[in-house]
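There are two complexes below, and they share subunit A, which is joined by subunit B in the first and by subunit C in the second.
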Partner chain A sequence: MSDPVTKIATVTPTGTAITQFNSIPGTYDDLMIIGSSKNAYTGAPSFNICSLYLRVNSDTNTNYSWNRWGGAQGGGEVTGSIAQNAILLAASSTSESSDAGFGHFYIYIPGYKVASVYKQMQLVGGFTSSAGAAQMGWTGHAQWSRNDAITDIEIRGSNTTADRYYVTGTTMTLYGISNS
Partner chain B sequence: MPTKHVVDCSTGIQTDVELTAEEITAMEADQVAREAEQAAEAVVAAKAATDAAAGKAKLKELGLSDDQIAALVG
Partner chain C sequence: MADYEVIAQGTLTTSTSTSINITSIPATFSHLELFINNRSTKAANTTDGGEINVNGNTSSVYGTIGLYFFNSGSTGLLNQNVNSRTKLDNPFRIMNDNMPANQYAATRFVIPNYSNTSVTRKGFLIQSSTASTRNSEYWHFVAMGNITTSAAINRIEMFAESASYPFKAGTSYFLAGWR
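On to the complex of A and B.
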């Protein structure tokens, strides 16, 4: 019996807003990514500033859809979008103060190498301000509407300016899951 | 020049690669589109809030109590 959970790679990006897991082996059944993220922006967090974008196999076409439900700043929130060019993850904190913590996310991708179906994903994430005033916690679902096996995954900030760069302590780990 | 951090999962080798001009342009376009989408969502949310408040005020004018209005529309 193979190990049920295998760490494929860990990245600790700084000085960039983009990280990519490329040439993912097709030797597992499912994939899982667990991450903590903070960007260099020194103001309070907001959805726009704290969003991360996930893409698969360098696909920039409108093949992604996602839904998210949870809480945002004390109120309920249900939202989603179809025919997008990326999956949005509200999952990165800002560097608004020295004690600001890290945003976080969990992504589970069943059947990532099955070449005959669209790829679905379970998503969980959140972020908060140091004062707790601006915050979001959510769970969600997404789909990449392509049949190809997933070999590359990109997770990036909302733009390329230096204030969206990941800062020290940001960590993303890709795991392979074996079901037999 | 902005970079991306790339890990080759087959070898474990990690490198920082400069973005191409096309990648930067695409990323900036994404951001503009997202901001426009958020602005549109905010307009819809604001109208819904205004309509809800106006509807509750109208019910009040008709003589319903606050508790009755809350029971009807939350």
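On to the complex of A and C.
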């Protein structure tokens, strides 16, 4: 019996780098990503500013759906969106002056190579900021509405805005999970 | 060398311990995963919250943010600002001892990058729940606890609700490392 967990890769992106796990082998049953993230934005935090953007196999089409519920500074939050061009993970803190925060998350992807199945992801995450500002702890779910095996995963610090790229300390690890 | 290893585990054989203290956590892994399945000696048909101290740090460096569903569908917000507490306050649920026998409360924590000194606020991703045959008493909780520190986490101590109500025998835990 093989080891149930295999570390595939660790990335520590900074500056304009993008988190990329490429050429993921099809030798496991499930995937798990565990990470911490902080971006370079120096303004006030918000859910969108503190979001990471996840895409699969370089697919930029509207094949992603996601939802989450959890506790936020202003109260409970339940939200989601379908037919998007990325999965949003509210799990990256900002570099606001007094903010020592980091966002943290994990993503579990069962059956990442199974044919004829849209790929599902269990999400758990959160971010903090300076005292009294935005913060959140949440769980959620996402779908990539494609049947293809997942071979590449990218996680961007921002969808479009250059000043939200990663800063030092951002670290993400991809694991392969074997069930037999 | 396995990429997932149990670092510490145990099951209490007496009902006298008011804390479970995991020490000398090595910095050789990337992430930690911690489970506790617990019940207290408190004579009440309710659940309560435990506490966690990290590295023996008792300064105001802790906070927790999350949402819970409990008893008959009510919801509640646990909103503790960062650096507002001297411990993780209510990060896991405890099953009290007048609840149906042999039923314990389960919590899973994932602690990303626990030994990375560039990560200046460590996070405890929390999923905690209770369910029992007393169907009016349940609790489902998702949250992130946080501690503002660059230091590697080398000690985690989980406390019962109070020194008056130790964990009950049968309470179990394990800590694992993701390489």
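Note that in this section the second predicted complex is superposed on the first by the 170 of 180 C-alpha atoms of A that agree within 3 Å, B and C clash if a C-alpha of one lies under 4 Å from a C-alpha of the other, contacts with A are read in each partner's own complex, and residues count from 1 in each chain.
Keep this in mind: a residue touches a chain if its C-beta (ideal position, glycine included) is under 8 Å from a C-beta of that chain, and two chains touch if they have at least 3 such contacts.
Since we're looking at a predicted model, the values are computed, not measured.
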Partners on subunit A (subunit B, subunit C) - clash or fit: fit
When the two structures are laid over each other on chain A, which of subunit B and subunit C touches more residues of subunit A? C
Between subunit B (first) and subunit C (second), which, if any, makes contact with A:Pro25: first, second, both or neither? first
Go through the superposed model and pick first if A:Gly70 touches only subunit B, second if only subunit C, both, or neither. second
Is A:Pro45 touching anything from subunit B or subunit C once the two structures are fitted on A? First, second, both or neither. neither
Is A:Thr6 contacted by the first partner subunit B, the second partner subunit C, both or neither? second
Minimum C-alpha spacing, chains overlaid - subunit B and subunit C, in Å: 11
Common interface residues of subunit A - those touching subunit B in one complex and subunit C in the other: none
Seen from subunit A, its contact residues with subunit B in the complex are 8-9, 11, 13, 15-25, 47-48, 51, 53, 60, 79, 81, 85-86, 88, 154, 156, 158-160, 174
Can you tell me which positions in subunit C touch subunit A when the two form their complex? 2-4, 30-31, 63-68, 75, 77-79, 81-84, 110, 112-113, 116, 118-123, 125-127, 142-146, 148, 178-179
Within the complex, which stretch of subunit B touches subunit A? 2-12, 14, 16, 19, 24, 26-28, 30-31, 34-35, 37-38, 41
Counting only contacts in the complex, subunit A reaches subunit C at residues 3-7, 10, 34-36, 69-73, 75-77, 93, 100-106, 124-132, 135-139, 168-169, 171, 173, 175
